[in-house]
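Notes follow once the structure below has been shown.
Letters are used for the chains, namely A, B, C and D, taken in the order the chains are written, and counting of residues starts over at 1 for each.
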Amino acid sequence: MKKLLAAASILALSTMPGWAEAVKIGVITTLSGPPGYIGEQVRDAIALAVEQGGGKLGGVEVELVVEDDGLNPGNGRQIAEKFVNDQGIKILTGIVFSNVAGAVVPDVVDNGAFYLSSNAAPSNLAGAGCNENYFVVSWQNDSLHEATGAAAKSLGYKKAVALAPNYQAGKDAIAGFKRLFEGEVEEIYTQLDQTDFASEMARIRAAAPEVVFQFHPGGLGIAFLKQYQQAGLLGQIPMVLSEPSVDGVILNAVGEAGVGVKATTHWNEDFDNDASKAFVAAWRAKHGDRPITYYAQQAWDTAQLIGSALSKATPDDADAFRTALRAADFASTRGDFKFGANQHPVQSWYMVDIVAGPNGKPQAVTKDKLRDMVGDVYADQCKM
Amino acid sequence: MPSPDARNLARRIGLAVLVVALLAVPMFADSSSLSLVTRILIYSIAAASLNFVLGYGGMISLGHAAFFGIGGYVVGMLFVHHADATPLMGFIPGSNQLLVTVPAAVVVSGLLALIIGALSLRTGGVQFIMITLAFAQMIFFFFVSLKAYGGEDGIIVRRTNEFLGLNMRDRVTLYYVMLGFWAVFMLALWRVVHSSFGTVLRGMKQNERRMAALGYAPYRYKLYAFVLSGMGAGLSGALMANFLRFASPDMLHWTKSAALMTMVILGGVGSFLGPIWGTAAYLVLETWLAAQTEYWQLWLGLILLAVVLGTRGGINAGMARLAALMMRGRG
Amino acid sequence: MRPGSMILVLEQLLNGLQYGVMLFLLAAGLTLIFGIMGVINLAHGSLFMVGAYAGTLVAGATGNFWLGIPVALVAAGATGLAVEALVIRRLYARDHLDQVLATFGLILIFNQIITLTVGRQPVFVAIPESLAAPVELLPGLFYPPYRLLIIAAGLLVALGLYLLINRTRIGMLVRAGATNRDMVRALGVDIRLLYTVVFGLGALLAGFAGYVSGPISAVQVGMGEQILLSTFVVVVVGGVGSIKGACVAGILLGVVDTMLRAFLPGLLRGVMPASEADALGIGIASMGIYLLMALVLLIRPKGLFAAGG
Amino acid sequence: MTGAVLEVKCLVKRFGGLIATDHVSLEVRPGEVHALIGPNGAGKSTLINQLCGELVPDEGAVFLGGQDVTAASVPDRVALGLGRTFQITNLLTEMSVRDNIAMAVQARMGRNFRIWDAVARRRALWAETDGLLAGTALDTRAHVPVAGLSHGEKKQLELLVALARKPQLLLLDEPMAGLGAAESHEMIVSLRQVAQATPMLLVEHDMEAVFALATRISVLVYGRIIASGSVEEIRANPEVREAYLGAEDELC
């Protein structure tokens, strides 16, 4: 029911009279299929940010236009075309998956519009393929998993088993983990549509590592964590993960199978800064118990970034708007935030513990800062 | 059953309207409509190719995304090697020339269709559906794990291939280029359908046993048709990679095969113009519904169901029926 | 072979068996619908999903895992009967193309209905306490009892189906129908009732499989399609219309898939560098069941146990 | 070498425990119309299907014009001059009478992997097709789709299509089945004409037709040939009368 209300509120915003001169923001995201919950988090967070501003971001009236890409690059491209060329939208965001981004982003920036990524950040757009109109507010894939490698190392582990699906992001994840872990790593690749990991559990037990790293977003992660517990491995071999494998929705769905896991993240619900507290409070007021994920947080930050730039310049003045964006002059929920040379984030990474929460559901508690204000490895290759 | 005259009239009217409308599209279409029409043209090449084996040859292939995707990947891989100035597999130079990449894509997908067809055509019926699906899935998984070419993320083709010195970044130019390829393909397909081979193929679909008793060896004819069809789907994929400037495993996924099949059935199996109408209907519906509601797949599902349960022979048969009615009204 | 690796092989065999049993539960219904009615039902995975959601939601609300089973059965069965009466019944006389398109439409509809009513977030069900802790089957071989239960339940269903098909009148009609559809009609049997019964039975099995897979994997929109393709592979490899084929092929594919994933990269490492071995190994493993299907069909174009020769 | 157009040696076909073709040997010589008669279920269709290559025999051999074709496919046997008609008419139902015949002519003319010609403009093809049609009862019905033909017309067309392929030997699977008296008579006239140039193996229930056309008759019962000989010999054979024709004498 809440989802319907959220959708309705966007509709209400877009159909209210007197909004003709509002700045339009195009949100292309994935709302159908298993990863539909991710797109929902993205959309609802941006909508929430706009609602909090009373229909404005950075004091400028905005209008959200949301469309589902159906996880189909061709559809994403079609929507972008309509947004940019027909509706004159200059600011786009929301894409969840790298392969949709690959088809959409080059076209958007070539047509003089801005793309601000709230999630997907493929490496081919971070290095030589970078563009002055393309900003990433989330993180580059590699840095996410590098932090996890650093965490496992700092915990004193020397021997790890690393698991990920056999696709580009999975391989990047394991590569990123290994880069800073520096110990002995046995790699196991799973299948993209796999739901039963019993075979992998047996291999983990046979390998008897000191720590397990695995990268399985969405439903895969739910299945993996449950089966890890059922195999009796949860108490035996510690697990250190990066945030896509333990987002709020996943934790909610695995129950106590998540408890005891360590994870690295750039943001957590319990962060002690004003921006984060405001975001969490607004979400709770609007969506009650519904889990908050970092997808929502990144989308919220993206909205704040847009607001910061809109308060200084109009997107029709591309150079001024770009300068305003580069300044990253907004209060990020993650604390300190700035853009690197390739307009990807320079930010800090933290370790969290997953513990049993008061209502029986697991929750993440922030521990130490692992890495302080780091960028990504592709920034050097970007010539802008 | 509409009379042949009525069907002929419907076909002629349809064709005339189509040609005029297609030439005029850039004059009144906005950018996204132009892009939609371009996508319809490109996909309809793949749908018509599928219809060639499915509607004319009676082979239900659920693996045509393999040929579509390979066509796209050939363009993407040649572009990568052109951009890097490295040879592909150590000896093939990369290219960004449409007149090189597109024929290459057609040849490679034809070869792939030859291999897959030669094995698959040993079965029939449901088994044929499944074995074509199986081969397509194998190729999908192959490209998903092919790190050198982006794996799951796919290949970004930064610039559309060059073609006769035209400005391919201009949407209208690109549209007319695609329209040109489309028209050439459709004319070629028309010839093939009405050739000696095309006639035999249609006979094969109606009654394979009879054709064998006349001395036609079904396997060879069907394989030939399968290869031709694979080449057509490869052409479509190569054009799509140029249009989207992107090739990814998504092009190879089984749902793409299902979508192509949907386009064919929606338009009318075994009719020449059917796949074109079907492709248009499918893409317009998809685009329009997605803009209306985030639950667009619900409506798409309901419409598909209604079309299957409510009509026989898809859009094309409906139009022929309409033409027959008009004839009757006149005479 | 070292005792440790022997235990690993045993454990992987059990895993393969469990996965195979799951595939069989889905394939049994599908193969009958295929074989007897001649209908390709892509929406079979949706019944799997309906069972999983209905059972899981009730189990979550009541806190009782076992209560979810009858709910899942009833929900999937009722949905199956409704689908049969409203859609499938009109498709019997149509060709495969219409069936593929209509049931593809059903998939979209079911996924969206779940999204609209339950939401996009996966739902959670816990394994009952008594089955949660791994038990030691052999020295050093720990195995989750829940998975053992699935294996047992699956084998029990297989036995039940065997008895049903070989010892009852309905079973006789089912066998006759799978061999020769027209013959059953000639016998003056109420074919519509037979179809409804078969479809309902298939839906029950799918719903059961969906629910019991819930605690292991994710209960989410689209879960049916992930397993649907593998199920079709099982049906075709086993031979359309053959329960025995579905059983043998399900377990065969389950074991082959699991063993390939578990051991192929390791074996390949013996002959090539580790990174290449991993890439090639997992590549072959993910294509494994499709490769196997292609091989089987090239040797036996009608599958292993094709009904009616 | 016997000089036979078709020679069948000790053919055996089993289905499970059932023996459908039981060591059948027979031959068709030039100029001959060899009729194969037998009660329903005697295995006539099974035998025909083995002769034309749709079924593979378990034992024995088939020779066409002296060449062993036991393992040859249907099209390969057709290429060697084997033509057939089907018991239940088996035509290209969506095409016209003329197109059906043209398809057979086209098969003989070859060059059918051409994708860049236009079948409508193959002059020789249509000239020959129209030549074959001319003077037949179907001439006026040339553009009627097969679905619009009467049963008798379909049977005629079956024969025309088989002849269009210019076979060296014709296998006729019950050409009279389902025809009325007048139509049967017409068919017998047509077949007699054909028989002057083309030897035939005729499987038929209609005894009038068999006696009118056959130069030799073999009797098939339970997959076995129990008698073979001239029309008079078979008429006189008590075993045949007993096993096949029964008590009622419907021979004339």
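Brief remarks follow.
Here is the rule we go by: a residue touches a chain if its C-beta (ideal position, glycine included) is under 8 Å from a C-beta of that chain, and two chains touch if they have at least 3 such contacts.
Small disclaimer: the values here were computed from a predicted structure and weren't measured.
Centroid analysis (C-alpha atoms only) places D farthest from chain C. For the pair chain B and chain C, the distance between C-alpha centroids works out to 32 Å. Once the centre of each chain is set as its mean CA position, chain A and chain C turn out to be 34 Å apart. Between the CA-based centres of chain C and chain D the separation comes to 49 Å, rounded to the whole angstrom. Counting partners per residue, chain A has 31-32, 166, 191-192 as the residues that reach two or more other chains. Under the contact definition stated at the top, the residues of chain C that touch 2 or more other chains are 111-112, 115, 282-283, 286. Residues of chain B in contact with at least two other chains: 141, 145, 147, 297.
Applying the touch definition to all chain combinations yields A-B, A-C, B-C, B-D. Taken together, the chain B residues at the contact with chain D in this complex read 191-192, 194-200, 202-203, 206-207, 209-217, 221, 224, 228. Those residues of chain A lying in contact with chain C across their complex are 3, 31-34, 36-37, 40, 166, 187-193, 195-196, 198-200, 202-203, 205-206, 218-220, 222-223, 226-227, 230-232, 249-250, 252-256, 290-291.
Touching chain A in their complex are the following residues of chain C: 4-5, 8, 11-12, 14-16, 18-19, 22, 111-112, 115, 119-124, 126-127, 132-134, 142, 144, 146-147, 213, 215-223, 226-227, 258-259, 261-262, 265, 278, 282-283, 285-286. On the side of chain A, the complex with chain B involves touching residues 7, 31-32, 66-68, 70-75, 77-79, 81-82, 84-86, 98-99, 102-103, 106-107, 110, 122-125, 129, 166-169, 171, 191-192.
By the touch criterion stated above, chain B contacts chain C in their complex at residues 54, 60, 62, 119, 122-124, 126-127, 129-131, 133-135, 137-138, 141-142, 145, 147, 254, 258, 261-262, 265-266, 269, 295, 297-298, 300-305, 307-309.
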